[in-house]
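My questions all concern the structure below.
We call the chains A, B and C, going by the order they appear; numbering starts again at 1 in every chain.
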Amino acid sequence: MVSLTNLGWLLIAVIALALPVFASGYHLYQFSQVLIYAIALLGLNLLTGFNGQISLGHGAFFAIGGYGTAILITKFGVPYWAAIPISSLVCFGAGFLFGFPALRLGGLYLALATFALAVAAPQILSYKGFDNFTGGSQGLQMPKPHAPFGIPLNVDQWIYVVCLICAAALFLVAINLVNGRVGRALIAIRDHPIAAETMGVNAALYKTTCFGVSALFAGVAGGLSAVAVGFVSPDSFGLVLSLSFLVGIVVGGLASISGMIFGALFIEFVPNYADQLSVYFGEGAKALPGAIYGLLLILIMAVAPSGVAGVIRAAVRRLLDAARS
Amino acid sequence: MTSRRTFLQSSAAAAAALATSAWPARAENAPGITDTEIKFGQTEAYSGPASAYGVIGKTEAAYFKMINEMGGVNGRKINFISLDDAYSPPKTVEQTRRLVEQEQVAFIFNGLGTAPNVAVRDYLNQTKIPQLFVATGAATFGDPQHFPWTMGYQPNYQTESKIFGKHILASKPDAKVAILFQNDGFGKDYLAGVKEGLGADHAGMVVKEVSYENGEPTVDSQIVTLQGSGADVFVIAATPKYAAQAIRKSYDVGWNAVRYLTDVSVSIAAVLKPAGLDKAKGLITAAYAKDATDAIWKDDPGLKAFADFIGKYGTANDLRDTNAAYGFNAAILMVEVLKRCGNDLSRENIMRQAANIKDLELPMLLPGVKINTSADNFYPIRSMQLAQFDGENWKNFGDLITA
Amino acid sequence: MEFLHQFASGLALGGIYAIMALALVMIYQATQLVNFAQGEMAMFSTYLAWQMIDSGQPYWLAFIVTVLISFVGGMGIERIVVRPFAKAPILASVIVFIGLSFIFNALAGWLYGYSIQSFDTPFNGRPWFGNVYMSAHESGSVLVTFVVLALVYAFFRFTPLGLALRASAQNPVSARLVGVRVGWMLAMGWGLAAAIGAVAGMMAAPIVYLDPNMMGGILLYAFAGAVLGGIDNPWGAVVGGFVVGVMENIVGAYLVGAEVKLSVALVIIIGVLVVKPSGLFGRRIVARV
């Protein structure tokens, strides 16, 4: 008996695999971005949704992954399929290290500390002492990867496939983590930290490792993004990125893995729609997309405070109840 | 069986080919070109930290609308699609690809920003799509050898700052120079340019260089530091808000330095008035465009044209916004290039016409500053004029300098 | 005496951070939430004042009317936009605040454009006490910080309304039992915070110039100040604001150079938090197991 959840995943998988056939060029590029964001959101959700540590600074880990990959490719000639894992390991280290002071900081204070990280990241990236590696404000350019072994896929399709493979792998890892001992420990630490400790859960170890793992996810996403865009610069990793990640996990649904796909779709496509909507306000209204986006955020929170995943869960439940009676 | 349209196209193209006889066989009109429409695109920062520049795109859109109301270009209406990239290079790539692949535009015009334009430069050159008149002063955009489809527009920052450096050397050879610069490509280019203008053997003239971040509340602390270095020449490489702060603070702390100001922040109404006209006295700049708020241009026909245009298609704020004048100039240039293409609106010809301009004047450029391009010169504006602020107007001095 | 100069100009800006930090603490004490939109609301209030002054109204009239409008506006926002999310997860409210800040920022850009505007100051003329390090306005704005702090303190300590507000924040259930309209108290808290923010904006604009992006950097430093001083302690927040203002200048001028001063200032704050997690003056929460 196949569970509804598994059916849902199957549906998503089928759509994802079919996309390269129907979408091309620019649209496929957009869906690659969706996959990339989904990976980053998944990482952040592990930390914030499942483990209760609020991070407003995951854009910084995304940036480390992106720049790490770019530097390895351009300055050291490492091929992209090795550069991304290497730089994501660096991110794991950075996240793990950041996890230590984070232990002392609760809720709001942690949010501020990570916010500081997000704000400082572009400044550090454009520090002139690092210019030789980072290319300064001009950034670094990379050639796009081609499909290996003569597989008949063009560049856009190959990048999409790479992102899809990474996303699938990481989603599987996350699902296993969350459904197993580790997941239970994380949730216990989030909801009842003192009780968890008394039960023998090493909160400190779990929390710092969770930080590291979530940074690793963000790093993979950042590396993939660098390769997909073919370019990194300090402007690519501003504060808005970190805020978008937060928006993404809440809109998608905290502590929901499948929700992250919706969150990623939201942050990728909705700003564009806000742009298009503003046209109705006349030529002078080019500044308005921000206001429309803000309004949309508020409306979505009003309608679905537990995110899209919450809405779907509620809808499915109602359907099942109706079916049963 | 040739349709009437292809027949017309080919005869027009043949005529064009005869007219520009140096060039070989005709090319297809670009995507986005029909008998009635010229469609081209732009990425602009309408949101995010650089949103102040969105006025450029807004002004250009209004100008093209005006042209359409006057009949269009050679019988074709302009369809200008300007998309927001929030100054984020990944977004720029996405929007540019959307313009090219979904909207099928003929070319990209006046895209904003150094990093955003670098991000799409390879893509546009590989797909042979003109990346015309990029809205940035970074020196890297006038390189026809490596990027034959990418053309700059405004004088690059290094040109202007080199002029400052040379002027400092010539007028005050024993000067001690302090520099305030924005911590990004624009500011760093300035820093490099000033040093280059001074020359490697005079590098010691720069006694203090201090940066600030776009988004910081104020640069007052930086001014105090710079004054403390004992410098007697102060170069301000800052955007309008910070330039105004720097001008005011340097006066208030009684720092008697000769001050040079980047032409990015040259507007009397938008920068000098808020700083205090008396506090701005003595500022030196190297400009290439007219300041719409400088009374010296009161009866100037170019300014009248701009003011009329803003009166009908803009808002009161736009008159004092240098970005509006910038967009006005650039849009006129674009329309001129399109006019010269006649009926051959292939990408090759558009690029060819853009690279073949001789001594073109634009209404809001300073007298004497002209657009010049050729096959190996992709910097359309290379002349600047030194000017000094006397408390009321910018007064030109010296000759026009062409880099 | 460059050092004194840096110190003085740090004080002036620190006063503004302190006022904003106070507004943040007010809302935090009442709702356990940090209002990310506080800066943009303050900026918008300042534009309203600017519009009045620009159309000929005298400064003090514009000042008072703006403070009143901001008070009412703040109350309105609480009742209409924030209240519906009281029962939702905390992060939902955070997203709402982020949305609010986008809205105010874009509205200001649309209505007023992005060119900077100068803003009047009531403190004109010669620097006070012959102080060459601070302009008259800067000294005046520090004075205003203390006046605001004193007024807020007096309000909370000595008026029945202030008492009711404090009760609602500390123990809403008991407060209700005694007949306090907790809902309206919450709205008042927001109104007060918005009014205080408007004052901060009007004090900041003459120094930093008015434009839609005026408050972004200021809010960041105000956060830092509030957290440094202890987010649940109004006095601490104000001290924190001044400390951050001065530290920012000193660090940037003498320690590491301006291009990383933002990062370094924030690192210092994180460092303090690691050593003293509830801030310099915050209360340590001891929870019963």
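Here is the rule we use: contacts are C-beta pairs under 8 Å (C-beta built on N, C-alpha and C of every residue); 3 or more make two chains touch, one makes a residue touch a chain.
Quick caveat: nothing in here was measured; it's all calculated off a predicted structure.
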{"item": "Chains touching both chain A and chain B", "value": "C"}
{"item": "Result of counting contacting C-beta pairs for B-C and A-C, higher pair", "value": "A-C"}
{"item": "Separation of chain B from chain C, taking each centre as the mean of its C-alpha atoms, in whole Å", "value": "38"}
{"item": "Whole-Å gap separating chain A and chain C, where each centre is the average of the chain's CA atoms", "value": "32"}
{"item": "Multi-partner residues of chain B (each touching 2 or more other chains)", "value": "47, 49, 51, 54, 183, 213, 315"}
{"item": "Where chain A touches two or more other chains, by residue", "value": "123, 126, 128, 284, 287, 289-290"}
{"item": "Contacts with 2+ other chains: residues of chain C", "value": "106, 109, 259, 262"}
{"item": "Chain B contact footprint on chain C (complex, rising order)", "value": "2, 5-6, 9-10, 13, 106, 109, 112-118, 132, 135, 204, 207-209, 211-214, 216-218, 221, 248-249, 252-253, 257-259, 262"}
{"item": "Residues of chain B touching chain A in the complex", "value": "44, 46-49, 51, 54, 57-58, 61-62, 65, 82-84, 86-90, 93-94, 97-98, 100-102, 113-116, 118-119, 122-123, 138, 140, 183-185, 188, 213, 315"}
{"item": "Touching residues on chain B, where the partner in the complex is chain C", "value": "47, 49, 51-52, 54-55, 183, 210-213, 215-218, 220-222, 224-225, 227-228, 240-241, 244-245, 252-254, 269-271, 273-274, 315, 317-318, 320-321"}
{"item": "Residues of chain A touching chain B in the complex", "value": "24-27, 29-30, 33, 123, 126, 128, 136-139, 141, 225, 229-236, 238, 240-241, 271, 275, 283-284, 286-287, 289-290"}
{"item": "Complex contacts: residues of chain C adjacent to chain A", "value": "28, 34, 81, 84-85, 88-89, 91-92, 94-96, 98-103, 105-107, 109-110, 220, 223-224, 227, 231, 259-260, 262-263, 266-267, 269-270, 273-274, 277-279, 287, 289"}
